[in-house]
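Below you'll find a set of structures to go through.
One chain, chain A, appears in both complexes that follow, with chain B as partner in the first and chain C in the second.
Up next, the complex of A and B:
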């Protein structure tokens, strides 16, 4: 039964969730040093005079963040917070809440990286398929070498080059940020245009960095599918080239590409931290980078939690979609 | 007497290789009459399957087809434009493929693969039409909604036969349609193929290496060796009085029910297709070969009633 399968698969996702939360809870507590003392020492070293009874302050902060409780108690409290979607306060930007911080950054990342990834997947896969297709137009072949080169260049390098050429030498595009500083965001054409304008360079660097890998992967898949008997019979049946290409070759070669797409989407946030940093893009990657620099444990924890959740969730969705994509995969236990 | 449905003269298929051209099919010619059953036999690499692909004009580069003529119902197949060729395929000349197991698209239902065929030839497809075709090859109508992996090998081959007769072609090319099946299913599938072929009035070219299976099915048999047609004639006449030594040895290798003896093979291997020695291609394995065979390649010539053979000693046999 399909429902059985969904329940079974969902419980695995739940297990991943429990493990992710637990590891997320344990990791910072296993690292040496006490975050409260660390923060206070920083404060002391930066302020000129004494700030009073350090020990008392540490105690009060410990109580404030619940660090004076036994570990099992802290663990349960942590679960309570996670389930209430309360990820605590940011240490660096107190009293900003981690949840708010992530919620503000999330749409930028999903918009920029999601769009860029889907676009490079669609174009790259189709072009890669045509690269291997014997009856494809000749100009497709010109892309083979550039794709190979692009797939070998890391995205942050492409980002730096684009930033230099597009924003510094020619000043066509903004050098950073998510939208113009002098703009009040709203749902109007100017806002959308401003956001798109700012997203162009970072999106382009991600698209260029990924498109080669998609194309090369798909080319290899199509080459192996071309030798299949069903392609031969499709040609013998007198089907049109377009029909054979899309429904016999691409349709069968697509399966591993889709698995890769789901994994890429799951890793979206962490995948392009450097692109967001290069373009000071106000997304999750940039926020994570800031948090790591300021040792903002709760923000790091929150983002890592969201990350592991998004990977577990995309894998869950992918598993549910597989039987629709490939009829040979069934959820029934035989 | 009616005109042949397929006329082939000097059909060759060459593959360009670094060692020079390899002749997979070397100047073969035959005529196929309407409703006739022609069998092509030969060992692996003798050019049987390549002949079929060449007839469908499906030889991929670096392969090249050439022929003096290759006429299907009077039209030269080699002169057809790509679009004309596409419309001819399966409509006038269809194919039952060799690898039945893997010849159907795994992600489309059987019904969709029929609909595909009809759409490509500008015809409407409906469930009733598909069900009728499936019924003709002995399959229930619900097979239409199945995916290939849900069917057995025999069922898949029956689906392929149903596809091949769907547009009532004049010629069916069956490339070892039963080689992937077990003996029992083989006979059933072949019987089905023969029945539907007669029903739609098509001629058929059956490729195979099983002489016994062939003898029961075809009217006329052609024996291929190293890309050449070395003997062709009515099946009874060829089995009763084979003229080419290769044919004799093939028939001699068949096990006999009445006589108990050790199996006989044909010693040696076929010659290389790129480095072809002058003279008869069978000279190295032929017990009767002499100086003439090493110097001069024998041409296919008439040796009996509708019976041709390519051997210098055909008359002596």
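Up next, the complex of A and C:
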């Protein structure tokens, strides 16, 4: 049974890969004109020819893509490049390779999104649990209301307001970047502090919006758990309220809450990407924004490809883990 | 449902509040363009970078546009994208969901796999690629692109409901009495799915607007048209946040926040209605 499930999830992930690569391959070729020359010309007209030897780049790309070859051949070649993780050169920062550019940006996005999600998951889940718990203090409802409202608003809009309040009106936090300008990053306390300081506002914009979303989900889960026999048994045994809440209600409601993580992953990543733009945070989102502004097409393509693939891969791994943690999931799906 | 309307809203505060917010916004969006002097939204029409005053109620932006006029013209455009994209994606989603739920077998498997695959790829990623490849983005084109990537939620919800409705007694009776194919779907099944279709529509509109403003924030929106997302993009592009020009980015953010809160409340309220129906039947 588990094997069937794994095979289905795996084939979907594989399909996502094929689709992502094919779209990446097909879209530039569907638009009229030579994609390389078109992009380069656009670049020259916007940046007054300061990108070096254009002819050489065009030539190298023609040879690299084999644009004179039949389409099926180009398609296979493209797959070969993708599988070797060779994503070409950045047009705006030639001769930087797209792969290097993405590798430099990736840890920032992972760190920001990971920390923010972890924190908001913990706080939001607990808050949602208390919202549904009949014997929880009254103030929880009033305390949670603003978070529920915030959960409707896109992260980056909250980010704009936070940036204005936290960095412009009150100059507490830096207005942008990932670490202090005058610092060479190293593995010491000052670096970590500097990075954390710069990450506070971007992370907060994601956290504030996410807490409510997790709380709403958890509230629903706890409500459905409350009527279960084991809660009654625990109360009959005379266990303390705290113990029943944490070890009987929350624990059982937590696993479905974890499944929601895989479903919302794409949403989380797209949201975080836009937050990076607002805070000029040096992750994938800000890199994508820069690439779009400078029409750096291969970087756009590369980031889109890597993003889709890593989301698909993460979802696959999460999907594989869930049935192992929670046997109920396999039964439900089959 | 007619006489039940009052009953529907009483005791369902989220639905009433959500629909009120959205209704007022729509009303404002319909009337505002008629009440303002539209020429004030052109670049250089008014002195640049003025804070709110008696003359310019919401101040002016860095390109010499009256922010109030911009808001009056941008809000309807943004709502239009959301509604058009929501409607298209709902139509596609409901059709595919019905087909999948009714036909079953290979067709169902294909549609289900397609929607699973589409749900895995972040729509912003594909949007970025498409938008980067079209020569000039327009409001209509954006609505179509966004719709093409957000039909999955409706398709899944409708498929699941079709599966359960299909087996109910009255549908079986109708089928046995010779009602077949499309007529069965339209007369017996579709009306019973209305609460779910309405709920899917609200979700679809929300998703479409979210994708739209994401695209606009990245600078891939309609460069020559006024929308709330583009207003925020230009404000960010010209450093309005750093310069403290809150009157430029504040109004569009407030409008968008109200739209999203209205959609969330409506969606939560509809959920309640749909689930109550499910329990009652």
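By our rule, the second predicted complex is superposed on the first by the 270 of 334 C-alpha atoms of A that agree within 3 Å, B and C clash if a C-alpha of one lies under 4 Å from a C-alpha of the other, contacts with A are read in each partner's own complex, and residues count from 1 in each chain.
One rule holds in what follows: a contact is a pair of C-beta atoms (placed from the backbone, for glycine too) under 8 Å apart; a residue touches a chain by one contact, two chains touch by 3 or more.
The structure presented is a predicted model; accordingly, all values stated were derived computationally and were not measured.
K.L.:
Overlay done on chain A, so just call it for chain B and chain C: clash or fit.
P.N.:
fit
K.L.:
Of the two partners chain B and chain C, indicate the one touching more residues belonging to chain A.
P.N.:
If we count touched residues of chain A for both partners, the winner is C.
K.L.:
Touch test for A:230: chain B only (first), chain C only (second), both, or neither?
P.N.:
A:230 contacts chain B only, not chain C.
K.L.:
Where does A:266 make contact in the superposed view: on chain B (first), on chain C (second), on both, or on neither?
P.N.:
Touch status of A:266: second partner only.
K.L.:
On the A-aligned overlay, A:243 touches which partner chain: chain B = first, chain C = second, or both, or neither?
P.N.:
After superposing on A, A:243 lies in contact with chain B but is clear of chain C.
K.L.:
Figure out whether A:20 sits in contact with chain B (first) or chain C (second), or with both, or with neither.
P.N.:
The answer is second: A:20 touches chain C but not chain B.
K.L.:
Just checking: does A:251 make contact with chain B only, chain C only, both, or neither of them? Give me first, second, both or neither.
P.N.:
Touch status of A:251: first partner only.
K.L.:
Quote the smallest CA-to-CA distance from chain B to chain C in the superposed model, rounded to whole Å.
P.N.:
In the combined three-chain model, chain B comes within 15 Å of chain C at the C-alpha level.
K.L.:
Can you give me the overlap between the chain B contact set and the chain C contact set on chain A?
P.N.:
Shared contact residues on chain A: none.
K.L.:
Sort out for me which residues of chain A touch chain C in the complex.
P.N.:
So the residues of chain A in touch with chain C come to 12-13, 15-16, 19-20, 23-24, 27-28, 30-31, 149, 151-154, 156-157, 160-161, 163-164, 168-169, 175, 263, 266-267, 269-270, 273-274, 277-278, 288-289, 292-293, 295, 297, 300-301, 304, 307-308, 311-312, 315.
K.L.:
Looking at the complex, which residues from chain B come into contact with chain A?
P.N.:
Chain B reaches chain A through residues 56, 58, 60-61, 86-91, 94-95, 97-99, 101-109, 116-117, 120-121, 147, 149, 160, 163.
K.L.:
Going by the contact rule set out above, which residues of chain A touch chain B in the complex?
P.N.:
Residues of chain A touching chain B: 134, 228-230, 232-240, 243, 247-248, 251-252, 326-328.
K.L.:
Flag every residue of chain C that touches chain A in the complex, lowest number first.
P.N.:
113, 116-117, 119-126, 128-130, 132-135, 210, 213-214, 217-220, 232, 236, 241-242, 244, 246, 249, 253, 256-257, 260-261, 263-264
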